[in-house]
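Two complexes follow with chain A in common, the first pairing it with chain B and the second with chain C.
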Partner chain A sequence: MGRTWQDMEAFEAFLDDGGIVEVDDHMPDEYRHAVFTFIEMHANSEYMGGLTERDWIPKTPGLRHKMSVLAKTQDEIGHGHLLYMVAADMGIKTRTEMIEDLMAGRSRFHNVFHYKAETWGDQVAIAFLVDAAALASQQAVFKNCSYGPYRRILKRIISEEGFHMRLGEDRMRRIAEGTQIQKDIFQGALDRWFWPALQLFGPDSKPDDKLLRWHIKSERNEVLRDKWVQKFVPMMHSYGFVVPASDLAYDEDTKKWDVGPIDWEPLKKTLAQGGPDSARRIREARDNWEATAWARRCLDGAAV
Partner chain B sequence: MSNEAALREFLLAFADDEHLIGQQHTEWIGVAPFLEEDLAFSSIGQDELGHAVLLYELVCEIDGVEPTDAAIDALAYGRSAEEYRSSAFTEFGTTDWAEALVRHWIYDMVEDLRWQLVAESSHAGLASVAVRAQREEAYHRRHAEALIGSLVTTPGRVELERALDTVLALLPSLLAPVAGIEEMVAAGVTAAPLSSKSSDIASQINAAFDGEYEVQVGSGARQERSSAFGPLMARMREVLDLDPDAVW
Partner chain C sequence: MTAQHNPPAAPEVDLEAAVLSAIASVDDPEYPGVSIVDLGLLEHVEVRNGPVGGTLGVIVGVGLIPTFSGCPALEMIRSDVDRAIRAVAGVDDVSVNWLTSPAWTPDRVSMRGREALARDFTVAVSINNQATRCPRCGAKTTEQSMFGPSRCRGIHRCPNCSETVEVMRG
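Showing the complex of A and B:
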């Protein structure tokens, strides 16, 4: 049977001591909701990420290449599948309720999936820049996450995401060594995806961030974001691409890149389902969901 | 027709069907009725594209070229429409899940028979591909049969029957013999033409639906493409056509 804690103070002391919470523990409601909302958003993002990539999978240039890309997107949807199970076990919403909330625009998913993949270059940029940003966030959660079931699932997700990033990097290298047309396509993608990928980390963490206090996240947003900038800015330069930040500067003293002020308005819009492609994305997902409702209805009572 | 030319026709027809059905399955990731079905269609799609690669490799062998990515892609995307040997059955694109499911069910039923016919082929390369493919086919068939078997007893049967009408109208194209099939049977490349299995296919369909459907065999040696082929190829080639010199 699950453990109980006298009060929030005792629960937080347990967490500070490196304690791991399990699904059958009598965890405080506030903690349960915070963890659930976090995992639900992660699950939604994996699923919506699969949909973003889906637009280009059938057009993948190359037969063996298409098999790799399909495997990657299958992983993403598979992560969504696992995460919805972990979230549903928390007893707040069923998987169907979570998916229906997502389709109705009532729940959130990461900012980057509110944008449209306009070209094949975008597909590569997502696999590279966005997956790297997502991976960095997930690693920081995994490192010290107090909710056991999530932490265990993250171990698998992180190892698969590592493959995706390498696939993305390999594709980007081919483009960087390729023709001018390819380079122009990728530069266009970089111009579109650099800022959304950076904004994925979110604004600087607040001093009273509960996710940090309860050891759900173990690293502040600004620290993760900075690590990403220090890795990707020089990498983009070394491949011969231009980083689309007009105030980009290198500080000789700190040996660090600074991208300048970050406009958080686009992120806020996506959180309110008002991103550039939010409406189409949610509408299409819902239309598809409704078009296959007959099968779910019929199979509900049937043994598959 | 020389044996080599007949073998090429035979392999291309099989490879093109595998390629195009795999391509059709890639359209279902994220939009099937359940996450489990998104995963199943993408997994099966990968297997079918993998079979296509293995079969195109055998075509490369006949053509005397190394089976590099570029050589495989030249076969998969680089021929003119009249050089393909795909069937209207696999060229057909659909956004209707009942049609996609019924097509998957019947395609894998037929594909399994197709591999069985070459399991002891005199062409050693083909026989060894068949061993691997048959292992995967067992899973594909179990997946389709479980869904069809469950849905057929529910009100969803109406959707399946509607889809079956569409799919059965296309089935003759999948069973149509390729040019030189007699030589292939005589040389032991395949035990019999696929068209000889039409009654077996009909009885499997009728067993599932408790029906009296008939299965016809097409003709024309797969020399002509259906109207779906052009748009399908354009979609597949959209990125490739941006720059013929690019390696992606």
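Showing the complex of A and C:
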């Protein structure tokens, strides 16, 4: 059965050697809680993201896009499902407790799902900017993650998110090559989503960040954020859009873009469920959960 | 017989092999490293001579079948296959189509495909009515939900090693 470590020092030495922790190992409580909290937030974000995507199924323009939105909804909900299973296995909360905490506003989900997607342009911006940011941070976890069950699930999730990225680029290209009205709609969406997407990476990692020390994450927030900026600023320019950062500057020496100072207040608000659309999002998720209780009862019955 | 006379069979066989390997180089967009041929999506390939823009040229026709008809990756796979074949020297025109029959079933996944899915993605393939095996430890898995991240996948659990397993099914 599971392995045991004498103390935290021995456990950390095991992790530093590239050791992979499995579910039945006797891992230190702090590690168990850190991994659990991380996966729970990821699961909540997939679930809330799936509900956002679902809102757009009836409103999506064209059959091809509608199929992709339908499939993406199922993907996100499926990812949430897998992640809740892996999180529940850690023995801290059951899946039902996690869902109840989410519906009661007691647990966290990613900042980007605390904003309203106003137009189809917003959906395109989300698929293009936000999914890329989420993918970059998931890749940094997957690369070296010390918790085996999460690492294996992430590999599948990342491949699927990579597919969403291609869909996002396809949607973006279509709107960018469209009429002036379409371009204006997309510019408006970029203005709304650029900063939340950038804030998704979080403030600079602290020197004693436990997620880094225990090889749960393998890259510092500021490094990931910078990579994203270096990729997306030139891409937005190449399609003729304006990057909504008044202090945006290009450093000729380092050949890098700098977006200037970042205001972290909006991120803090979303983490305390005080984002512009937090209350409605949580309320609708709860209404949806209650309205579909009959289906879960039927499935439970059918499984006997 | 002169030196210019080409043996008729050899180049065509080479061309057909080159086309097949171009198709096999296309991966499933959700499983990088797993070829669409190993997933059983290729139904037929035809290499023939025909009119291309007023002259005679080599036309490749490909018939693919989807794992399910609402799959959002269809257009992406179609254009990836089209591009891969057009890159083959000697091909003048390509036509790639999704067929409505036969229906795809999991037993179309090749052994190599099953091994790659199990090894790289912890995904099992459900064959006929046989029990699905955990890709990590080989124990029989139990179904948790018929709804996975896609219409062609369900979610199972391994009672032995607790692994969460996705299962490809028809």
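Note that in this section the second predicted complex is superposed on the first by the 291 of 304 C-alpha atoms of A that agree within 3 Å, B and C clash if a C-alpha of one lies under 4 Å from a C-alpha of the other, contacts with A are read in each partner's own complex, and residues count from 1 in each chain.
Criterion: a residue touches a chain if its C-beta (ideal position, glycine included) is under 8 Å from a C-beta of that chain, and two chains touch if they have at least 3 such contacts.
Values in this document were obtained by computation on a predicted structure and should not be read as measured data.
Q: May I ask you to decide whether A:Pro58 touches chain B, chain C, both, or neither, giving the answer as first, second, both or neither?
A: The answer is first: A:Pro58 touches chain B but not chain C.
Q: Taking the superposition as given, does A:His81 touch the first partner, chain B, the second, chain C, both, or neither?
A: both
Q: In the overlaid three-chain picture, which partner chain does A:Glu160 touch, first (chain B) or second (chain C), both, or neither?
A: In the superposed model, A:Glu160 contacts chain C only, not chain B.
Q: Give one of first, second, both or neither to describe whether A:Ile185 is in contact with chain B, with chain C, with both, or with none.
A: Once the two structures are laid over each other on A, A:Ile185 reaches chain B alone.
Q: Thinking of the overlay built on chain A, is A:Ile175 touched by chain B (first), by chain C (second), by both, or by neither?
A: first
Q: For A:Leu70 in the superposed arrangement: first (chain B), second (chain C), both or neither?
A: Once the two structures are laid over each other on A, A:Leu70 reaches both partners.
Q: For A:Ala291, using the defined touch cut-off, is the partner it touches chain B, chain C, both, or neither? Pick first, second, both or neither.
A: In the superposition, A:Ala291 touches chain B alone.
Q: Which partner does A:Ser45 reach: the first (chain B), the second (chain C), both, or neither?
A: neither
Q: Compare chain B and chain C by how many residues of chain A each one touches, and report the one with more.
A: B
Q: So, A:Trp120: does it touch chain B (first), chain C (second), both, or neither?
A: A:Trp120: touches chain B, not chain C.
Q: I'd like to check the shared interface: which positions of chain A are touched by both chain B and chain C across the two complexes?
A: After superposing on chain A, chain A residues 64, 67, 70-71, 74, 77-78, 81 contact both chain B and chain C.
Q: If we count contacts the way the header does, which residues on chain B are in touch with chain A in the complex?
A: 19, 23, 26-27, 29-36, 38-39, 42-43, 45-46, 49-50, 52-53, 56, 69, 72-73, 76-77, 95-98, 146-147, 150-151, 153-156, 159, 235-236, 238-240, 242-243, 245-248
Q: Under the definition above, what is the set of chain C residues touching chain A in their complex?
A: Residues 29-32, 70-73, 75-76, 120-123, 144-145, 147-151, 153, 155, 157, 161-164, 166.
Q: Considering the complex alone, what residue numbers of chain A touch chain C?
A: Against chain C, chain A makes touches at 22-24, 64, 67-68, 70-72, 74-79, 81-82, 85-86, 89, 149, 152-153, 155-156, 159-160, 162-163, 166-167.
Q: Under the stated contact criterion, what part of chain A meets chain B in this complex?
A: Going by the criterion above, the answer is residues 47, 50-51, 54, 56-67, 70-71, 73-74, 77-78, 80-81, 84, 120, 171, 174-175, 178-179, 181-182, 185, 285, 288, 291-299, 301-304.
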